[in-house]
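In what follows, a structure is listed as structure tokens, so that the remarks can point back to it.
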Amino acid sequence: MKSDPSKSNVLPAPLRGIVVPMITPLSDWDTLDAEGLERLLEHIIAGGVNALFILGTTGEGPSLSYRLRQEVIERTCEHVAGRVPVLVGITDTAFAESVSVACKAKEAGAQALVLAHPPYFPAAQPEILNYLEHLAPELPLPVFLYNMPSHTKLVFEPKTVRAAADIPGIVGLKDSSANMFYFHKVQMLLKDKPNFALLVGPEELLAETVLLGGHGGVNGGANMKPQLYVDLYNAAMSRDAKRINSLHDEVMEISGKIYCVGAYSSYLRGLKCALSCMGICSDALAEPFQPFGAKERQQIAGYVEELGMKK
Amino acid sequence: MKSDPSKSNVLPAPLRGIVVPMITPLSDWDTLDAEGLERLLEHIIAGGVNALFILGTTGEGPSLSYRLRQEVIERTCEHVAGRVPVLVGITDTAFAESVSVACKAKEAGAQALVLAHPPYFPAAQPEILNYLEHLAPELPLPVFLYNMPSHTKLVFEPKTVRAAADIPGIVGLKDSSANMFYFHKVQMLLKDKPNFALLVGPEELLAETVLLGGHGGVNGGANMKPQLYVDLYNAAMSRDAKRINSLHDEVMEISGKIYCVGAYSSYLRGLKCALSCMGICSDALAEPFQPFGAKERQQIAGYVEELGMKK
Amino acid sequence: MKSDPSKSNVLPAPLRGIVVPMITPLSDWDTLDAEGLERLLEHIIAGGVNALFILGTTGEGPSLSYRLRQEVIERTCEHVAGRVPVLVGITDTAFAESVSVACKAKEAGAQALVLAHPPYFPAAQPEILNYLEHLAPELPLPVFLYNMPSHTKLVFEPKTVRAAADIPGIVGLKDSSANMFYFHKVQMLLKDKPNFALLVGPEELLAETVLLGGHGGVNGGANMKPQLYVDLYNAAMSRDAKRINSLHDEVMEISGKIYCVGAYSSYLRGLKCALSCMGICSDALAEPFQPFGAKERQQIAGYVEELGMKK
Amino acid sequence: MKSDPSKSNVLPAPLRGIVVPMITPLSDWDTLDAEGLERLLEHIIAGGVNALFILGTTGEGPSLSYRLRQEVIERTCEHVAGRVPVLVGITDTAFAESVSVACKAKEAGAQALVLAHPPYFPAAQPEILNYLEHLAPELPLPVFLYNMPSHTKLVFEPKTVRAAADIPGIVGLKDSSANMFYFHKVQMLLKDKPNFALLVGPEELLAETVLLGGHGGVNGGANMKPQLYVDLYNAAMSRDAKRINSLHDEVMEISGKIYCVGAYSSYLRGLKCALSCMGICSDALAEPFQPFGAKERQQIAGYVEELGMKK
């Protein structure tokens, strides 16, 4: 399939709704599960989501070789073929490599970029703002900031987000801090920038985000059950209290089951294992992670059944 | 200069003494200051150090483009020409890129590798041990583990170090935790592996490390004043209490002055600024860092004078 | 005034609405500002709140001498005289002293207790559960758990809350973690205990808490403007989207102004300073805190004017 | 026994050598094991230690009722009868209660006080310095600062220690941070105050502390084997390298065995269990802790035998 400009891949301002942080289907740690990728894309797009975000945390982006990252970008953009906007994670310890991945994303036809702090070196807020001022002009596509303190150990402080929103090309924030106090502070500071997208990471906070004026969610569970999150977004937009509560409970149930098996790395391993039990793609993970063993897999398989996610 | 096999670049077992975590002289964020590099290498080697460690934290390794990392490896190995062993940092979020840098290090004639946890993803100890078991066989040179919790937010727990010491090719630990309790626990567990090198990161802990049986230090200050750290190592080896105290105080004074200017990123900026004031190389830093402004530079220049580091 | 049993001091199950974590008006670090206390009580009760919580974090409970804690309990209960339920903080490093304060609360006519982890010693979840099992039978009044990780550095994990909800006398949770993901997990686990109160600490999260089924908030801002929080609670209960957004914005504005002055301890100092500017009570704080100086006080005074809180 | 002024209970300046942070022998959570206390005191004093520190972290001070704290102070001072100086922990969330315990310590004949940050409220360094300036004049005995970040979550920053050293009555620092980098920074700043005692908490760091000019250690293991720590202190003072290494290894072995049993609170439970296996006192702990069960006790009993601590 070729990209078709008549389709809805134009990036809205602000971006609204459900963005799926796509897992990367792998057949082993350095090989794409290309058929799994196609099945997953069809499954997700069929759910009516608003955009796709590849090579993020859920996509294990930083763990993949650059060769593999490029392959994921190209195959995804080609297969999506403009049906939804594609956002590409470019977080990297090295400035130059972030630019390099960004250029590949542009070439392949992606619509936007997503950028967390460069991991490894602790940096102060003025350093981070400088970095954004230097990086943004080098990027060929609009960029979303990605606040991910659990992984980068740094925060885009509200004032830094406000200042960054004035840098041309920075068009939104994905906040995965799970801290709604932080999110509301950012909202207050951004009142004068209604086109700056404010999206929330944890799906467990989607309902309240939308109820209180946020633009949507970047929710991992939408890999498994995209329509659920789209429905919850819509219910929240229309203030349908009863429907919100019932869909929010369903989201919480998935979270409390699929993401809580095993003693560590339960989110990523649970999500990929569930997709494998659903027959969509392999459960292989990139180093340093390993898929679940038989015992945990059986537990996940039971939950997949129970939650009605079996295809 | 070509590498000369008659020189002392054979890696001892265990590696002992002073290893210099070399800064990377830059003329701008993505350009090597090649002349500065040569001056710095001569300055360091003249101090009688035991090995060189490039592309570590002090070398801003993770912030440099792969092109630049390769250039640093090649020029350093060529210029050192076997006079001391060269260790190369290969820490990366992606397994495949760590292997790739390792292969370039081997080709260029380096003697060993240094590896911290892949930054970004939190990983459990069993995952880290698995990762080391998978990675070590792919590496063409011996590897030192690099415990750096302030940057990776992960620890190689003592039991993990003990288990890793049985993996062929893993030959030592550089511990930058600044936690001597941890260091002594590791020493106890490694008593039966006398060839496994136990080196300490913070130069402020060099004296006690050697006094209590550690093998040496990987000390950033040795970029500026290599002989001081060599002297302190020797004094500690010969239990010369008076000399230890006086040299340790000098180390603490450098640390309390050069690394304590400015409100953030004081260590890296102070070190590079001091080397610039000493006429050795530029003070440019890789993104996301910036060199000191005039006020801080003046303060550092005063300290360089005061500490007798002016050449 | 004597306690009057015809009044509404019966503790509902679950407790719902706005609970005011009252500051303790002091004339100096160890002396009650008794007149300020009476003015504050009248101001708060006039706002239509559902309960009062004294000697919590906002009340500087742990910083006060036991003599003073007793005085606060007695004078508050006497002056409130059964118009609203009074909850008393009994958090203490020592088990026996928690029991002792609890008994004084009972004698004075209070309706319930509030208990955070004993600060100082880190304790594991099974230890905390044991502790609750041993403590609850010694307490003469119902008790609310108080999840306050920013101060105790410990969390009542969701499973611990669930287990604690089966201990007779434990009737609810005040969660001040500012982590709505945590709050929703607890809600899911407590679905079968509809009488167990789930209240949220930070007022910035009141709207979403109530919208998603929580029972109310324990909100410091209600010392200054009790009716605002009552109104927001009611708007959220009746799903009045427009009113929710406007009142939530007002809450965020107070938070972004009154609690953000000065470089440290801004919440407590700002709150007491504002009450002083409003003519309600002194701004003295218990050790180790000091009231704002003239510059910060002027800033707060301006905000009090701006926010229409001047009486 | 009465206090005998001819004995060595005069507090030296600086205090040097081994200070024993005594556990509190309990027969249940709120009852002193008075006979165990006497046996423990004789056991410790016979080891030749330089001072006793009661009601610290190891003594579970903050967990004990005030009644029990007073009993511990009185019985200890009476039984010690001036044979060694007695230091009393007065850490408390409430300023007034710290003063109250301090006065009881003075009355009972203790020689000094030990004070950590008031736990619970996070406080900034200027607040902490203010607090010390207000508190010190109220205290009837000299006071040692107690840096204990693992429990108070606050640090006496080096500059705060330096400023506090100028407050009359503040005579030393016990640093339990396990961070020798911090300790050496403090040493550098205190060079002009040779009478200000600098003692280290973790026994695993005793050797290096003394080798690099610190005054001694406050070491929990000295409850079990007081002479070992005294010997190590003396060996370090006389720079006897061979003896230092062998005694340091013995200290590390005790630490790696007695303090590493069970999944949580292993230090306190292990220490009290070992003392119980040695026939010195009961292993009861104050709330919220519980003694080991049979399985862990057996493990500790084996270690006590192995380490030659059986009397």
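Per-chain residue numbering starts at 1, and chain names A, B, C and D are given in the order in which the chains are listed.
Assume a contact is a pair of C-beta atoms (placed from the backbone, for glycine too) under 8 Å apart; a residue touches a chain by one contact, two chains touch by 3 or more.
A quick note: this is a predicted structure, and the numbers were derived from the prediction, not measured.
Enquirer: Which chain's centre, taken as the mean of its Cα atoms, is farthest from the centre of chain B?
Expert: Result for the farthest chain: C.
Enquirer: Which integer distance in Å separates the CA centroid of chain A from that of chain C?
Expert: 37
Enquirer: With chain centres defined as C-alpha means, what is the inter-centre distance between chain B and chain C in Å?
Expert: So the centre of chain B lies 51 Å away from the centre of chain C.
Enquirer: Two-or-more-chain contact residues of chain D, please, as numbers and ranges.
Expert: Not one residue in chain D touches at least two other chains.
Enquirer: So with touch defined the way it is at the top, what topology do the chains form here? Options are line, ring, star, complete, other.
Expert: The chain contacts form a single closed ring, each chain touching exactly two others.
Enquirer: Please give all chain pairs that are in touch with each other.
Expert: A-B, A-C, B-D, C-D
Enquirer: Which residues of chain D touch chain B once you look at their complex with the stated criterion?
Expert: So the residues of chain D in touch with chain B come to 178-181, 184-185, 187-188, 202, 204-205, 207-208, 211-213, 239, 241, 244-245, 248-249, 252-253, 255-256.
Enquirer: Along chain B, where are the residues that touch chain A in the complex?
Expert: Contact set of chain B toward chain A: 29-30, 57, 60, 62-68, 91-97, 118-124, 126-128, 130-131, 134-135, 150-153, 263-265, 286-290.
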